[in-house]
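Quick one: structure below, then a few questions.
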């Protein structure tokens, strides 16, 4: 599904004015608090009638103020995970989860159990939302949206209230929706982990305007859009083999990566987010380190930031790897564009949440 | 303020049964969703009347079911940041912020402006909560609690809805409250960053029971309590000098650390969280790396986890530094307890949020 | 001086005229409070500041007298009224009321409008008359009882009920009804409206007003409204 | 003992009690759907004539009951401008029937019912209704599955208020449908009749006690229902 | 034109209109604090006799107005078991004064007022009140700064309902304080008096129109206030 959004809407002092088009997959809205992410999602959901604009999902016109067309929310076949839960207080968890099924009966019966298990809410089914903890509420809200058999999932910071372990369990489910079920997803997040992991396309927002738009490897490498500490590279890698000591061997453009075992079978193409600040550079080939991954590349460019750090981009085969190092190191090492350089990446520094399955073909290019 | 809590409370299937005593400073409740964090905080606030138990803050008995004593919440002088905001919908942001001042008029007049500025909510003062974004609401909720001139701050995941940059701005304020104003703080968090940064004491909860209790360097090093990816060390360091290239020189037990400039003046003692997975080990002294920090220590012990990783503890002077490496690396390097080993830590890998001012003296030991 | 008169609601328009005439003649003022006799009587028993009480029923005057709330010697039977059978419409031929009248047949499946037959004087008199004539048992199931005579009149005036039993004083002023028969005097107890001064009356003009009610001027007005003035 | 209680009231009085219950029950139940509809329209929609509708609904509260009864007579009497068509087209006769008493009671109680339900609707967070919409529920379904359960306490309150009002309604009823034992003589009419005769106070008092008992029972029931609903929503 | 409007009603009628306004205003305003208190107690506290209080509050709704008026007369009349002490100790005389009419109207309207306010209180999230408590606000202050503003629409609704009811109240008033022009003859009593006179329908109709206009104005006002309050809470 492609998503075409052109919107102009003013509420109070806040002015939303965006125009973008994204390819199928997961579109992540990324931006600081108050930048207009929820407003935008509401406009797509039909909960907000934009003053001017047009939203088209996969050729299906959801709203077009010019043509005085407005599809009411209940005809849009959504699964919206609200930022504030919005569970029905008078219904049990089970009834909340089943709510959307009335209108979309085409759901396979096993799906309910699968989602309940995934979210770890089986023991809560008989309760009412009033008796849930914050994180439990949010999990039920996710389940309710997923079980509506939606044609478009809208998730507004669905994982913010959850602990790392729980996030780790739920994220792959969104990936599967993206890749296997091919449900288009609009996802709001503050977390660059989640962005790298899920996004097909990132829409970076600030003050109601789009400040960057593109695949995560591009937007996350754009210091202007994500800030120096958010900078990361996303490498496309292929699983070669799984080894007995719990490591998986992967190959990327020009080298081998060793990561803690990934679940995908050999041959699968994955994407790996490597935070720029986790990469160590060395002119000479380093010896005897505990770090297993040493990739060789060419320095493509060096951006000095405002702080003590600098962002070094290495070209490694087809990929671009970013390393964030101090200016002092650059001087000490005499780094300059064109030089050959080794990048050291710890296996264990690549978190499972940094490894995701690749998205639709649109991305391969 | 010491906090003494003994509680037994049953709600539905959930059974809270805890007993602990914490020293002055920040007590962080850490644990997965549904582990009882909010329930515990509510009991301290007096919003929940425990079935059995006793809560004493600094010798002040807040509740003692044995003695049939129960201090109502409004007499406890709290500043409670609720997990769900709970702003007063009929009051403007300004009135929400000023609410607690009616009852605690001892506040310095500049404090209001300071907190408003810190939280970046100056442009919202005239609005009502209905017209705020999720993160803005949460910031106002934090401000409201801070401005009540509380004797005890309770903060239930106050930063979960905020982006990294905003977190980064607000965390130091909590530190200042802890260190300068010496307000005791009870803080709920999922994030081990926040734990390491703020906690004087961590109370790790699971299923309504305390599973670990102690200073963050201990609890965060306890894989059983925080999981392998949460493991981190917390080093006590002293600021030596600030250099022109934006780096600060710090000294820890046995070596020099270079970090992106920290705001504290030379002489200050800080604590630095170093995630175990960001440390690279090397038997020989590494040369020509972009990483500036190379510390020498002795391997104290090696814990093999269930996965491909292992946790290596180095003794470096008075401190213990954890490194998470693969089992394969340990075999390749032939690492064993008692050996001398170099630890490589990138300057820029230590995020500003990993550097905090030290807490009360209780911690020096 | 002011005189506060508590009077049965069925006297409303006639007494208004009498009071106005009295005011014009004497420069005193009569303030009239109309309600059901029962309510007024109870209020007087509870110390209402009324000076004069004119009741639509002898029973309520008896009750007030028994509780010592009227001044001894001031009670007298002021007015009398007659009971009539009315029908809806202008040109309805009169009938004679006696034992042979097929009142139930005239009604068919429709209703005979009366005031409450156990409670409101007009209803009580009407029931007594029909009983005396032996007609009551037949028409009883067909009676629609209103809470006062005026409401019963309204049912007939709007043709909700074709026939009704009301006071002659009410019937003459309603355009949409015709009096088709007068009840013979012997069929019910005389319809008497007694008047008296209350025990607690303070007004110096109360006695004068009570007297004026039987004055020639007043008599003229009473007669105009169909009342019979007693003496 | 039971028999003693039964004999405490005469058969005519028992008849009035039974009739009052029937009239009030139907007045409440039959007007409830319309009451909910009107309350919803007033709470959530904006349309021309909204204030007029609002005023109309409140009219029976403002007008003396006798006036309301008289207006009902003019409108719904056998010769009334609506009543005659009701009879001609549907065979429905209200005047001098218990159904007419129910209509009078319903009309008098309507403003109370609508007000209570309307307040309840206004307290429902429209965000929950919006959430139901995003899950595919069309507006009518949202109303039935979300709004209606959430306003249940308000509906119960409104209905009980209306029932209580109907039990006590007198002026409009007697003016519209008079007082025919077994047909339209409700408790208040009977009480009124007793109060008109000297010494009737005792009999009236007995009926007053019965009315109080009935209304208290209804109130208890409504409290009970409202508490159960509130508890369910609070969780557990 | 203004004069024509003034002459449209006679001086006695204007007197009734003014009196009705005064009576209804004071009946509403004076009973409001008690109404809020009782509503709060019923909504939020549990105490022995709560159901009794609840029943007592509703009594005037259930009883025929005549009975309520009669009970008021017995209790608050000059010779009543309360009235005599009121007069002896405080010099307060209610019977046959406009103050008595106000008491009758207040008593009759009280259940409506309490019900509306109570519903509004029950819709307030106790979590907000708890939040105010944690910020140091003692319960009374929480009530004034949080609960009260949030239930304002309910209070306005309840007050206007009570006012409208007071404007239309007749049975209890005439039974308690009679129908004395200038003292206790409110609009409904005057309408009643007109209806006793053949041909008085037109004059009664004029007063009915005045009553409707007054009540409509009150309703408009309440809608307006409620909307403003709702808008403020929604944000902006």
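Think of it as A, B, C, D and E in the order they're written, each chain with its own count starting at 1.
What we mean here is this: contacts are C-beta pairs under 8 Å (C-beta built on N, C-alpha and C of every residue); 3 or more make two chains touch, one makes a residue touch a chain.
The model shown is predicted, which means the values in this text are computed figures rather than measured ones.
Shared contact partners of chain D and chain E comprise C. In terms of the stated touch criterion, chain A and chain D have no partners in common. Ranking every chain by how far its Cα centroid lies from the centroid of chain D, the top place goes to B.
Centroid distances built from C-alpha atoms place C farthest away from chain A. Between chain B and chain D the centroid-to-centroid distance comes to 60 Å (mean Cα coordinates, whole Å). Chain C and chain E have CA centres that are 35 Å apart. Measuring from the averaged C-alpha position of chain A to that of chain B gives a distance of 26 Å.
Chain B has residues 12, 84, 127, 131 in contact with two or more other chains. Counting partner chains per residue, chain E has residues 66, 70, 192, 195, 236 touching two or more of them.
In chain C, there is no position where the chain touches two or more neighbouring chains simultaneously.
Contact between chains, as defined at the top, is found for A-B, A-D, B-E, C-D, C-E, D-E. Per the touch definition, chain C reaches chain E in the complex via residues 4, 6, 9-10, 12-13, 16, 31-35, 39-40, 42-43, 46-50, 148, 150, 170, 173-174.
Residue ranges of chain D in contact with chain E, taken from their complex: 51, 54-55, 58-59, 61-67, 70, 111-112, 115-116, 118-120, 122-123, 153-154, 157, 161, 164-165, 167-168, 170-171, 187-188, 191-192, 195, 204, 208, 211-212, 214-216, 219-220, 223, 226, 230. Chain D meets chain C in the complex at residues 66, 70, 73-74, 77-79, 95-96, 174-175, 177-180, 184-185, 189, 192-200. Every residue of chain A that touches chain D in the complex is listed here, in rising order: 45-47, 72-74, 76-80, 82, 86, 88-91, 99-100, 102-104, 127-132, 144-145, 148, 154. The touching residues of chain B, counted against chain A in their complex, run 11-13, 31-34, 37-39, 83-84, 123, 127, 131, 133-136, 139, 156-157, 160-166, 190, 192, 227, 229-230, 243, 245-247, 258, 260-261, 277-278, 280-284, 286-292, 307-309, 323-330, 333, 344, 346-349, 351.
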